[in-house]
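Multiple structures follow.
Note that chain A is present in both complexes that follow, paired respectively with chain B and with chain C.
Moving on to the complex of A and B:
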């Protein structure tokens, strides 16, 4: 057990003989806005996927919200929202129906105002367009909506500004700032250093599979 | 159960489900039509539902794995292609996700196999009223080739129900096989078509192998009661075989999914 929202200890992940992340130590306290930057292929998305329970590290341990993920079943605890790379939805359903479907999968039955969540990311709640007809930016907004809709204590975001127009980037930046102010722990992975620096309390850099401290807001 | 019901509703609302059901009904209709044009007005043959059911089941046995592939074969492959698998697993767990995919696929596979066969058989019973005791084939063929001849002649509706359930048991196995293949292949066509290719390919290989044990376990003969012979063992063996195979496939799928990186 740990007091941190995320605790990664000596995590190593390799695909066949290629090491992707190595000797990763990361502790994210509750309420912190943590940014991870790095070049393409540096391993930042792999690290986020391991924290989200989607990839299984070859060695090391990962705990999220006080619950051991690895070694273990890799099941995320309640209270984690995530946007991992391009969001995937059921194409023949509308955005609202997709969110309803995802909500039904949670064991915790929470009342969620889907309309207000969609509005907060700039999508029209009454829009019945099927997701397969969505633009890249609209899909990304819906991805952010599914991540935040249940009021998560921990938010994992991989390139949340990807595909968004300038207005969308500003809207999402404000939304994340509000969530942070309310005490949500946020981990954001991006290759846009300016964006991460503007929002985050602490910034790490992934370099050749290793995590190094880039700086703090102070 | 809530997750499973959602998955079943999702599968039922797809056009692929209706296409699979329509395909099955068309195959049954083809069997009935073929009987009607070939035998119904012939003085050489008796007019009975028995013959019609026999022909429609023969038509079914070759194509029903394709129906199942169409309805559920891509259930995991589709999630992987769209990336939806990430959100489904993060919101439940790998084990829950796999269980509801397996259970949902098995239920839909059962449905798309059972419904057309049962409807087709009942159609035969209405169009060509049953004449108990009328020889549909010569005595040798009935005794050596036909599944449960006594039930076939004396309790025809029970026979239809048994026939539908036996083929559906194979359908359940093929549905779970589609889920397992989907955990390996993102290509939806492979997950849809491979179970049928395996079914037909192994049947042909086993039939022409001239190895008695392989000929004993020809999938085509085990899946359809129409060509089932009493010499192949007790009548409960084929459905039990398919259900055991479905169980083994489910356990393998759970193990594979528990150890697999979700990179989609």
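Moving on to the complex of A and C:
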């Protein structure tokens, strides 16, 4: 049991002989907006996948919201929202239908106003366009919508600005700031240092699979 | 349990909405047409005969129908991990066991839907060629020879003596076996995709290796349709069973033994693969990194 929202200790992940991340120590207190920057292939997404329970580290331990993920069965606690890389929705359903489907999977039955969630990310609630016809930016907005719609305590975001136009970047930036102000713990992975610096309380850098403290915005 | 049922429902929904779902339906349609058209030239045939022969034809089921079904299943599974769909599901399902249970359950639903859908298609298509009839009749000897494929399929056509006169009982057994077969094989296939880290190539290689193994074991000539090969090996008990019943007169004991053996085998396959799959799910990654090699 730990007081941190995320606690990673000596995590190592390799694919065959290739080490992707190693000796990762990361502690994210509740309510913190944590940014992780780094070049392509530096291991940012792999680290986020491990924290989201999708990938199992070869060694080390990971706890999320006070619950041990690894070593262990990788069972996530309630209250985690995630957007890991590009979201893969059901192409022949509308955005609203996709969100309804995902909502039906939650063990915690919450009343979610899908229309207001869609509006908050800049999508039209009444739009019946199938997701396969969405632009990259629209898909990304929908991905953010599904991550935030149940009011998660912990939000894991991998390149949330990917594919967004300047207005969209600004809109999502404001949205994340609001969520942060409400106390949501956020971990955002990006290669856009400016964006991360503008939003995050603390910034880490991934370099060759190692995590280095890059500084705090304050 | 609600979440498990929900995710199983989503998987089912996703399968039905996949364009690849139309391929197996096309196969069913084509085969139903061929069978019904051929049978129409014989006297005394009806829809039940078409249905019975359709499901009993080992080559037809293994080489065309089951591979198309399994391709759909494995593609869905691979696709989910590559597209990131599972990364959206997992924070909601939260448990690997629950995710696996939901997938196994979804596979059962898909298998049942596949069998019922196929049956409907067979009935509708055959209706154009043979008369609708709600009674069961033993097909004439001519048709038995026509549809015998060297593995002893045709003796099963005489099984009315064993199963009773109702076509519902006779075809019910076929439906049950076919559903169990599709379910167990699909669970095996998804388990293989888990082991192979959600890549297609190793799954195909497994099919080919399975084919060679099967050919050696059962002395069935090597059939060079890659995707079906692993599946043929799973039919080994059927092959043995049919061979045991050889001749035109089925011995009740032998056929019962065949049925029992098939159900036991498929049941064992299902339970074993479900447990192995669960074990792999607990140990394996749910996402695939672009840099990972299969």
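The criterion applied here is as follows: the second predicted complex is superposed on the first by the 218 of 218 C-alpha atoms of A that agree within 3 Å, B and C clash if a C-alpha of one lies under 4 Å from a C-alpha of the other, contacts with A are read in each partner's own complex, and residues count from 1 in each chain.
We adopt the following convention: contacts are C-beta pairs under 8 Å (C-beta built on N, C-alpha and C of every residue); 3 or more make two chains touch, one makes a residue touch a chain.
Source: prediction; values computed, not measured.
Trainee: Overlaying the two complexes on chain A, which is it for chain B and chain C: clash or fit?
Mentor: clash
Trainee: Looking only at contacts as defined up top, I'd like to know whether chain B or chain C touches more of chain A.
Mentor: It is C that touches the greater number of chain A residues.
Trainee: What is the contact status of A:200 with respect to chain B (first) and chain C (second): first, second, both, or neither?
Mentor: neither
Trainee: Which partner chains sit in contact with A:146 here, chain B, chain C, both or neither? Use first/second/both/neither.
Mentor: Both chain B and chain C are touched by A:146.
Trainee: Examine A:89 and indicate which partner it touches, taking first as chain B and second as chain C; both and neither are also allowed.
Mentor: Both chain B and chain C are touched by A:89.
Trainee: In the overlaid three-chain picture, which partner chain does A:211 touch, first (chain B) or second (chain C), both, or neither?
Mentor: Neither partner.
Trainee: Considering only the contact definition stated at the top, list the common interface residues of chain A for chain B and chain C.
Mentor: 49, 52-56, 73-76, 80, 82, 84-90, 92, 101-102, 104-107, 146
Trainee: Can you check the complex and tell me which residues of chain C touch chain A?
Mentor: Spelled out, the residues of chain C in touch with chain A are 2-3, 6-7, 9-10, 13-14, 17, 79-80, 82-97, 282-287, 289, 291-293.
Trainee: For a test of understanding, state which residues of chain A touch chain C in their complex under the given definition.
Mentor: Listed in rising order, the residues are 15-16, 18, 20, 41, 45-46, 49, 52-56, 73-78, 80-90, 92-93, 101-102, 104-107, 143, 146, 152.
Trainee: Using the touch definition up top, name the residues of chain A that touch chain B in the complex.
Mentor: Interface residues on the chain A side: 49, 52-56, 73-76, 80, 82, 84-92, 101-102, 104-107, 146.
Trainee: Given the complex with chain A, which residues does chain B contribute to the contact?
Mentor: Residues 2-3, 6, 10, 13-14, 79, 82-95, 258-259, 261-264.
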